[in-house]
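Data block below; observations after.
For clarity, chains are labelled A, B, C and D in written order, and residue numbers in each chain start from 1.
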Amino acid sequence: EKRMESGKRSLRIRNVLLRQCLSEFLCSFIVIMFGCAALAQMKTSRGAKGQPMSVNMAFSAGIMVAMYLGRDISGAHLNPALSLSFCVVGSLSWSKLLPYCLSQVLGAYVASALVFLMYYEAIMDFSGGVLAVYGPNETASIFATYPSSFMSHRGSFLDQVVATGMMMLSYLPLADPQNSPASRDLLPLLVGVMFLGVSCSMSSNCGGGVNPARDLGPRLFMLFAGWGTEVFTCYNYWFWVPIVAPMLGALLGSGVYALFIHWHLPGAGQDDLSPENEDSTAVNTQSNTSDYQR
Amino acid sequence: EKRMESGKRSLRIRNVLLRQCLSEFLCSFIVIMFGCAALAQMKTSRGAKGQPMSVNMAFSAGIMVAMYLGRDISGAHLNPALSLSFCVVGSLSWSKLLPYCLSQVLGAYVASALVFLMYYEAIMDFSGGVLAVYGPNETASIFATYPSSFMSHRGSFLDQVVATGMMMLSYLPLADPQNSPASRDLLPLLVGVMFLGVSCSMSSNCGGGVNPARDLGPRLFMLFAGWGTEVFTCYNYWFWVPIVAPMLGALLGSGVYALFIHWHLPGAGQDDLSPENEDSTAVNTQSNTSDYQR
Amino acid sequence: EKRMESGKRSLRIRNVLLRQCLSEFLCSFIVIMFGCAALAQMKTSRGAKGQPMSVNMAFSAGIMVAMYLGRDISGAHLNPALSLSFCVVGSLSWSKLLPYCLSQVLGAYVASALVFLMYYEAIMDFSGGVLAVYGPNETASIFATYPSSFMSHRGSFLDQVVATGMMMLSYLPLADPQNSPASRDLLPLLVGVMFLGVSCSMSSNCGGGVNPARDLGPRLFMLFAGWGTEVFTCYNYWFWVPIVAPMLGALLGSGVYALFIHWHLPGAGQDDLSPENEDSTAVNTQSNTSDYQR
Amino acid sequence: EKRMESGKRSLRIRNVLLRQCLSEFLCSFIVIMFGCAALAQMKTSRGAKGQPMSVNMAFSAGIMVAMYLGRDISGAHLNPALSLSFCVVGSLSWSKLLPYCLSQVLGAYVASALVFLMYYEAIMDFSGGVLAVYGPNETASIFATYPSSFMSHRGSFLDQVVATGMMMLSYLPLADPQNSPASRDLLPLLVGVMFLGVSCSMSSNCGGGVNPARDLGPRLFMLFAGWGTEVFTCYNYWFWVPIVAPMLGALLGSGVYALFIHWHLPGAGQDDLSPENEDSTAVNTQSNTSDYQR
């Protein structure tokens, strides 16, 4: 018993950033597992066991679970666009941005690999064994997002900016301590409901990625798993849109909320839009450190 | 850092009413963004990526988010019919009614413009480039509500009176402090669920507007965006029904609740049906003022 | 102002039972308004704007709203079968059973009349002006429940016993203070979710009434509104099944919960299965009385 | 009155394990009643009154209700795979594993018998009176799970390992007191939402059992009720997959959560992943005993 305890202690990770990266990795893994598996279920059953609504619900449930899992460790950003926004408003240090983003992309990568494994026989049966990006038997849309045929790059860029901006504008009041936020207990459920709303209203133009990691991770996986370079070259190198546009969108959404609401709130002298600011993380860190030093 | 802080302070709006109008503007903007974008998603994907249920869910999620955003600033009425009711029961001063309503209409107007921009290519693809009010390729129903073909003016007037009345009758007990209200924390979620119920049961006759701003704002936008005056003249100048009827309906719903329930509650000596009464706003104002004077 | 206040005071109902009946009336009215209007929406739009799922959601939302409205006044039973069960376990006095049930039936009656008025043009358009109980254009299923063609009386009796029993068995643990109940704040939402589950699983055999008032009230309305006596004679006088069977089912469900769980709970010396027992109502009454005497 | 009280006392079960088994029996009964009745509704109405989504919702509602019912008595595991995991992490004593599992299987058995009785006429009408395991009129999928035609044993084993693992990985952070768990009050609702996500994303390959009792109980019932031995021999003796794979999956899911998150949490010196550990049960037991001794 004691040996097991000390074995565990030796496994325990003392580095705060590493633990935070583990948390973002697992959070992102969970969201993509739920979401892309739901897309695989819809696609491979040809709509019999899944519809856009069930996919939206699965993504939302994944986000909810991931937030309960990681919010006290890393803030459960799940999304490079959110991490960037929190850097800009000062609640995440810039030095953590890259590690956070890489963890999120990696989590999405590993999750899509597991979805592929889990749905391997279904995907082979559906596609006749050919991993295609275009056509009626394409399976690329299980993993990454693609634009509707009528969308230009400019149009889908705007689509992703607006959708991510609305998500951010909706997320911030739920969590802004200077306004009338939801309780900590309820927050992840409400973020799930809010994301369900975003998915129901802003996902038909180009798949509603609103998250660079959600799109890039699975796309990279497809590159190595057999779909080939077409996943990046298709639709005239469209892949950069769901990476860049959400970054801009999240910043714009934060800006609108700050400009219209946050700056005019009575107690908002100190600027902090994020529920998980650096200070609280620092406190966390200290208590952790002292815990380890005991 | 200090300069930025003082820059922000100069941006801060000292006028309470102006801040409340900003809040109602943004709340209304959010509801219409979620709702009309969901309608655009359903319409332009010809039902493949959206159904009446997903539209209802998007409206409900938008209402929930908007309530968390604005309830402590302006009460998050979102709806001129609610603002009017609160004026009648004395929890909003009559002088604020017009500014509130204009902000709500303006928020809806701007949101529908953004939905149009976001779905521009999809709408062009769907409609073949003709912005029509009638016919199989009509796109006017993305923005405003229209009656079913069999509805008379009298019938749709009754429909909107009853639907808005039921919404009001359902909203009041959730928030009535003299009865057994839901907690502040849960209220916006429950209002979303309640509205989902209203949408599932009272929206087929004439679109379930139940909100003059939700209807008038986008209709005005369509007038200028290319649909032309037909959006107002169609169905024999039907547009006034979803403006006038909800006003009456909300008052009737409040009356029924007061008559059957509220007046007979033990502690209901002071009449206040609204969770956001003038007094609390006044307190808010004072604390804000003192905050600014510091 | 003072005159208005005293006018209100003269309107205030001093009789506790009458207030409780008003509450049950309005609660039942709300549930049937939401539910039957959703059925009308599904039926008259021929499934285009409503499906069984949207009907289930509307009923659940109505139940949730009604519970917030009436739980502190009358317990918000909404259902004669529940009232009977609470009489049996001693948390409602037998003398109140009949007034409660009549109020519930009357609420359902008035609600179905209003649904008929609201959907009059839609029903006329759908049915071609003939209010039929059988056939492809029947509209009787908007209001009351009917068995599937293959169901015998014995089979549908069992169906309603089991469905109501499951509802009762699921409701009691959510509210049993001796067990691990949900908080008062959350309870109505959870009852809505639970009822959604019951509707999704036990409503295809004969409509999932599980509530004598929900069925009898609208059926009586149809008798007078033009459907004629066939609403009672159809399917070999089937109408008594959804009245009698739920009564038995609720008692059985309560019995199973008591036998398997409640009696074995540590603190369950005093027998009370209902969250709204007579004692607390009595306390309420006293405080009300003293309030009036002041 | 007194005699009734003493009659009840003689019915009260003094044995803690027996009460816990009763609780697991009834919890499992509720989940399968909701879930398999929803499957029967979907199947016998040929999709008219039920879809995969309504089935998923019914299972989730059942899980939610069962957790409120049994969590303070037996922990409401509902699932042998969870009970096994809790034995491994030390929060359930190994001696209770078999009684728990048997109770869960028995509850599922009895529930499927009642579903069969309730839907007897519908099943006879649908199937033409032949209880078949294969073919367009098969009714075996109402009760137990079966693989899609393209699945190998290896593939469906992996599917069930991953699905159960994801469920466990998602359940643990919701309830881990060392992390940021949901409140006791909200937990069952959130577990329902999480399970809805699992069902929407990981149930198309082989039915999403993720629970040995959910599958074995109804399958045993079918063996005796007329489907014959084919329910066990079909698909090359596939029945063992949804029994064995979830056991492994739950352990793996627990392991991933421990390895990535739990062991690195500051206060996680004592190892306990389960919200219902043996100690608290022991305390419960003591208070019960003293209660009985009074």
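Assume contacts are C-beta pairs under 8 Å (C-beta built on N, C-alpha and C of every residue); 3 or more make two chains touch, one makes a residue touch a chain.
On a predicted model such as this, the values are computed, not experimentally measured, just so you know.
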Would you mind working out whether subunit A and subunit B touch using mostly the same residue numbers, over half shared, or mostly different ones? different
Reference subunit C; chain at largest CA-centroid distance: A
Please tell me the distance, in whole Å, between the geometric centres of subunit B and subunit D computed from their C-alpha atoms. 42
Where subunit A and subunit D are represented by their mean Cα positions, the distance between them in whole Å: 30
Please list all residues of subunit A that touch 2 or more other chains. 53, 186, 189
Chain-level touch network, classified as line, ring, star, complete or other: ring
Touching pairs - complete list by chain label: A-B, A-D, B-C, C-D
If we count contacts the way the header does, which residues on subunit D are in touch with subunit C in the complex? 5, 8, 11-13, 19, 22-23, 25-26, 30, 33-35, 37-38, 40-41, 44-45, 48-51, 53-55, 57-58, 60-62, 64-65, 68-73, 114, 117-122, 124-125, 184-186, 188-189, 192, 284, 287-288, 291
In their shared complex, at which residues does subunit D touch subunit A? 52-53, 56, 148, 150-152, 155, 158-159, 162-163, 166, 169-170, 173-174, 179-183, 186, 189-190, 193-194, 196-198, 200-205, 256, 259-261, 263-267, 269, 271
